[in-house]
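Read the structure below first, then the notes.
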Amino acid sequence: MNILCIILAAVMAPLFIGIVNQTKAFFAGRRGPGMFRLYVDICKLLRKSCPRPRHSTWLFDIAQSASLAAVIAATAVFPWTGGGGLSSFIPAAVFFYLLAAGRFFTVIGALDAGSAFEGMGASREVQFSALVEPIIFTVLGFLVLLTGDISLSGALSGIAPESWKANVIALVLAFIAFLAVFLLENCRVPFDDPETHLELTMIHEAMLLDVGGPDLAFALYGAALKFELLAAFLVMMFMPCFGQGWKHAAVMFIAIALLSAVTGVVESVMARFRFLKTPHTLMGAALVAALAVLIHVCF
Amino acid sequence: MLTISEIAMALFLIADLALAGASRLKYAISLVAVQGWIVGTLPVFLWDWQSGGCPGARIWIIALVNSLVKGAALPMLLNYAVRKARTRRELEPIVSFQISRIVVFLMAVGGFAVGRLLHIHETTASELAVPVAFTTMGTGCLLICARKKAITQVLGFLVLENGISLFGAGILLEYGLVVELGILLDVFALVFILGIAIFQINRTFASTDTDRLNRLGDTHLMHPHHKHDHVHD
Amino acid sequence: MLSTETIFCTPVIAVGLAAAVHATAYIHGEARRHLPRFWFFFVSTVAAMVAVVFADGKLPFLLAWEAMGLASAGLVAFESKEKSVRKATWIYLLACHAGACALMLAGVLMDRPETAIAAFACATIGFGLKIGFPPFHSWLPEAHPAAPAPASAMMSGAMIPLGFCGFIRFFHLWSGIEPANAAMICGWTFLVLGAIGSVGGILFALPQANLKRLLAFSSVENMGVIAMGLGLAFLFAWQKTAEPIAKLCWGGALAHILNHAFLKGSLFLAAGSVLRQTGTLDQDRLGGLMRRMPFTGTLFTVNAFGLAGLPPLNGFIGELAIYIGAFCAIRTGEPMLVGAGFLAALSLSLTGGFALAAYAKAIGGTFLGEPRSQAAAQAVETPRRMWVAQLVLTCLSIAMIPGTVLFINRMTGGFATDILTVAAALGCAFATLAAALLLLRRFACPRGAEKPRLPVWDCGYDSPTPRMAYTATAFTQPLADLFRPLLRTRRHVLTFKGDPASPSDAAIVTETDDVAIGGLWRPFFHKIARVFQQAHLLQNGSLHLYILIILIAVLALLVFALVS
C-alpha cells in the first residue's frame, strides 16, 4: 500500500500545479489552461528531441535526469501513509540532502551551458538554497524536540492530538517559517514570480533556458513533484497524527490540494517582494523558526 | 493550555520582530495599531469566564477605551502627523534592520530567561505574558534609540507602553488596569504633544531628522560633519 | 576494533602514494632539476607523519611533530624563486613552530591539576595550529596554494587531521582533571571552534578565485565538521547513558577524516593538473576544461560532489552520522545538549548550503562553459599517470560508501547501522534511478533524430563571447555581498581610459583575504615587533654598554646566590 501511495503521489504531482494555475486564472477572470495542462505538456515534450548547447558536456546531458531522480528518491521516502517503509528509518536530513543533490545537478547543468543567463539563475539558486538551509534545519530540530523522534515519519507525524493543542503556537510559528521555505523553493510569489517564466527575475527557471525536449519534461515534472513534496511536508508537520494508511494519504492529498489553491490565491493578491529584500525576509523566517523553538523550550 | 490570549501573545512577538525589521513608516504604524488592538482587548480574553461569570462593566469599558485609543486614535494621529509633516516615509535606521531583528530575538531569549527566573507563572494569567512584555518593552527602547526620525521615537514610546500594559494585564488583571489607564493617559498626552511638536518642528525646519535636531542645542561644534546641513527657515 | 593509528595512518599512505605518482608528472620542465630536493622533503614528510602516528610517549611525539613541520616546510618552499612562495613558507614555519612551542608547554603542564586548564589551552593552540581551528587557520590558505599540488594534497588530506590524532593522545594522557569535566571542556571547545571553523571556512572559500585557495579554505571547513563530530562525542561520553550515540559521532568524525583525505587529496591533485596544463589557477580565466581534460574534469566533479556532502557519495554518510548525533542531542531535551545539538545541526546545514555553492563554483568556473582565456582554450589532457592517481583516490572514496557504514558499524557495535545502511542504499537507488531516467530519455527521443547542438540563448545579443558568460566570481557574488561585513572583500574597479563614448577597458578585481590575518595576526605581530624594537636599546653596538650589562648580570647573580 505504501508503494501504491508513492505511485499515486508521483502521478498526481502535476495536478497540483494545475490547481494553482486554475485558481490564478479564476482570480484573473480567465478560463485557464485546465487542470491537466502539465500532463499534456510533459507528454508532448517527451516526444521531442533534446537540443544541446554548443559547448556542453556530458554533465549537461545527465543534469535533468539526475535532478529528477533525486526528487523521485525523495518522494519514495516520504511517509505518504503516515509511517512505515523507509521513512521510519531515515532521518529527515536525508530527505533534504536528496533534494540538495538534485539541485546540485541542475546548477551544474546550467553552468555547463555557458550562458550568462543560466549562470545568473544558478547563482541565485545556490544563494537562496544556502539561505533556507538554516530555516529548514531549525524547523527540523524543533520537530525532533517536539516529538522526540529523529526519523522522518516520526518527526512529521508523532504529534498526538492532545499535545498538538498545547503546542499549537510553536507549531504555527514553525509553519510560518516553513511556508517561506515552501514558497521560495518552488519559486512562488512573493519571492519569485512564475508568471515571468524564463525571464531574468527568475531564480530557478532561468537555469532551464537551453533545456528542451525530454529534459525539459523532466525538469517540469521535477518542479511539480518538489512542489507536492514540500507542500506535503508542510501539511504533515502541522497537522496532528490521525492514524495511518489510506485515510492519512487521502487527508494529505486533500490538504495539499487546498494548499495549492491557497498558493494560487496568494499569487493572485500579492506582489513579488523586491528581489534584494529576499534574504532579509528569509532571515525573518529563520528568526520565527527560532522563536518556535524558544517558546517550546521555555514552556 | 491553549487560549486565545496565547495566540495573541505569539502574534505580539511576531509583530515585535516585524517592527524591528519594518522599513516603511506606514507599515510600522499599522503594526503598532495591531499591537494596540491586541493589548486593548486582552483583558476580556484573560478574564476567567468559567468561574468569574460575565466580567463587570469596568473591564468592558477599560478594554474599549484601551483598544480605541491604542488601536485607532493614536495610529490615526501618527498617520496624520506623517502626512502633514511630509517626511520621507521610510524609517532611517542607525542600527540596521537585520541587526535590530536579531537584537529583538535575543531580547526574546532574555525575556524568556527572566520569565523563568521570576517564577510568577502561578500568578500570571498567561505564561507567555511576562517574556512577551519584556520583549515588547525592549523593542520599544530599540525603536527609540536606533532610528533617526522623531516620529519613530513616538512609535517607540507607544510600543514601550504596549509592553508595559501587557505586563500589567498579564500579571495583575484587576488592579493593573487602573494603573494602566493612568499610564495610557500619560502616553496619550505625550504622543499628542510630540505629534504636534513634530508637525511644528517640521514646518519650521523642514526636517525631523534627529541628527539635524541635535544642532538645535549648542553642541553643534562637536559635530563638525554636520556643517554642511543647512537648516532652512 | 580499529586502532587510532590505523585510521590516521591510512590517509598518509594512500594519499602519499597517489601524490607521489602524480608528482612524477607534475614536476616538469625546468623544475625537474630540483627533483632530488622535492623527493627528499616528500619522503621525509611521509616518514615523519608515520612517526607522528606511531610515536610512543611525549618526547618522540614532539620530535616527530617538529620533523613533520620542518620537512613539509621544505615542500612548501619548493618553488622558492617566487616571492609569494617565500612569504607563505615563512608563515607556515611560524605556525609550525608556534604550535610546537605550545605543545611543549602543554606537555609540561598537563600532569598537574592546577595547570590542567592551561595545558588544555596550550594543546588547543598547538594542535589547532595544525588542524586549522579559527583563528589559527591563517597559514592554510597561504601555504596550500604555494606548495606544489601533490604536497598540498598530502598536507591537506593527511597531515592536518594528524592534529586530531595528537589531541586524542593528549586527552588520554591528560591526567590532572576529572574525566567528566575534561570531556565537557573538550566537547564544548571542539563544538564551538568546529562550528565557527566550518561555517567560516566555507564562507571564505566561496569568493576565492584561486582554486587551491578555495580548496584550502574548504579544508578549514571539513576540519570544523570533524571537530563538531568529536565535540558531540565528548559531550555524549560525559553522559553515561548515551554511549552508543557518542560512539556514532566519534565514528562519523573519524570516517570523515578518511573521506576528506581521499576526496580532498584527489581535488588538490586535479588542481595541480589544471595548473600544469594551463599555467593558472584563476577560475575566472579558466572554463571549458571538461571538454579538453575529460578525465581530470570528471574526477574533479565526482570528488567535489562527494565533498559537498551530497548523497550517494561517502562524504554524505559521514556527515549523516554527525547529523544523527546532533538530532539525538536535541531529542534528549536537556538544555545544554539541546543547545549543542542545534549549534551542530545549524552549522552543518549552513556549511552544506555554502559547500554546494562553493563546489558548484569550482566545477563550473574551472571546467564548464567556454574557455575564458587562451591558456584554457589550448589545454590538453594530462599524462595518464596524473589522472590515474586521482582515479585511485576516487575509487577509494567510492569504496568508502559502504566502507563508512561498516566502519561506523564497527565503532558503535550496531547502533544506527540500519539508518546509515538505508541512507547509503537510498543514495545508490538515486544513482540507479538517474541511470534509468537517462535510458528513458534516450528512448523517448525519436530514433534517428540527431540531437542538435545549438547556440545558447543570447537574449538578442549577436554573437556572445565567452567573456559574457558568468564568471566564477560573479557566480558567488550575491552570497559574498550578503556577508560582506564579515568577508571584507576588497574591490578594485579599473575604469575605462580614453574616450568615454566607447568604453573599452573596464575591469573589476575582487580580493577576499583571510580576515584573521588582517584583523588579528598582523596587528598582533606588529605589536610584538614594536615591543622587541625596544631591545635595540641594549644592542646598540657600543662595547661599554655590553660590558656594563655583563657586570650587572654577574652582580645580580651574586646577589641572587647570596639571598637564596
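As written, the chain order gives the labels A, B and C, with residue 1 at the start of each chain.
Keep in mind that, in the parts below, a contact is a pair of C-beta atoms (placed from the backbone, for glycine too) under 8 Å apart; a residue touches a chain by one contact, two chains touch by 3 or more.
Given the structure is predicted, the values throughout are model-derived calculations rather than measurements.
Q: Looking at which chains touch which, would you call it a line, ring, star, complete or other?
A: line
Q: Tell me which has more C-beta contacts between its two chains, A-C or A-B.
A: Top pair by contacting C-beta pairs is A-C.
Q: Hey, how far is the Cα centre of chain B from the one of chain C, in Å?
A: Each chain reduced to its C-alpha mean, chain B and chain C end up 49 Å apart.
Q: As a quick test, compute the distance in whole Å between the mean CA positions of chain A and chain C.
A: 33
Q: Determine the centre-to-centre distance between chain A and chain B, using the mean Cα coordinates as centres, and give it in whole Å.
A: Measuring from centre to centre gives 38 Å for this pair.
Q: For chain B, write out the residues touching at least two other chains, lowest number first.
A: Residues: none.
Q: At least two partner chains per residue is the criterion; list those residues in chain A.
A: 297, in rising order.
Q: Residues of chain A touching chain B in their complex?
A: Residues 165-166, 168-169, 172-173, 176, 280, 283-284, 287-288, 290-291, 294-295, 297-299.
Q: Which residues, counting only chain B, touch chain A once they are in their complex?
A: Residues 1-2, 6-7, 9-10, 13-14, 17-18, 21, 97-98, 101-102, 105, 108-109, 112, 115-116, 127-128, 131.
Q: Along chain A, where are the residues that touch chain C in the complex?
A: It comes out as residues 46-55, 57-59, 61-62, 65-66, 68-70, 72-73, 76-77, 86, 89-91, 93-94, 97-98, 100-101, 103-104, 107-108, 111-120, 122-124, 126-127, 129-134, 136-138, 140-141, 144-145, 148-151, 209-210, 213-215, 218, 279, 293, 297.
Q: Which of the residues in chain C end up touching chain A in this complex?
A: Listed in rising order, the residues of chain C that touch chain A are 287-288, 290-291, 294, 297-298, 301, 305, 308-311, 316, 320, 323-324, 327-328, 330-331, 333, 335, 338, 341-342, 345-346, 348-350, 352-354, 356-357, 360, 363-364, 368-370, 418-419, 422-423, 426, 429-431, 433-434, 436-438, 440-441, 444-446, 449-459, 464, 466, 468-470, 474-479, 482.
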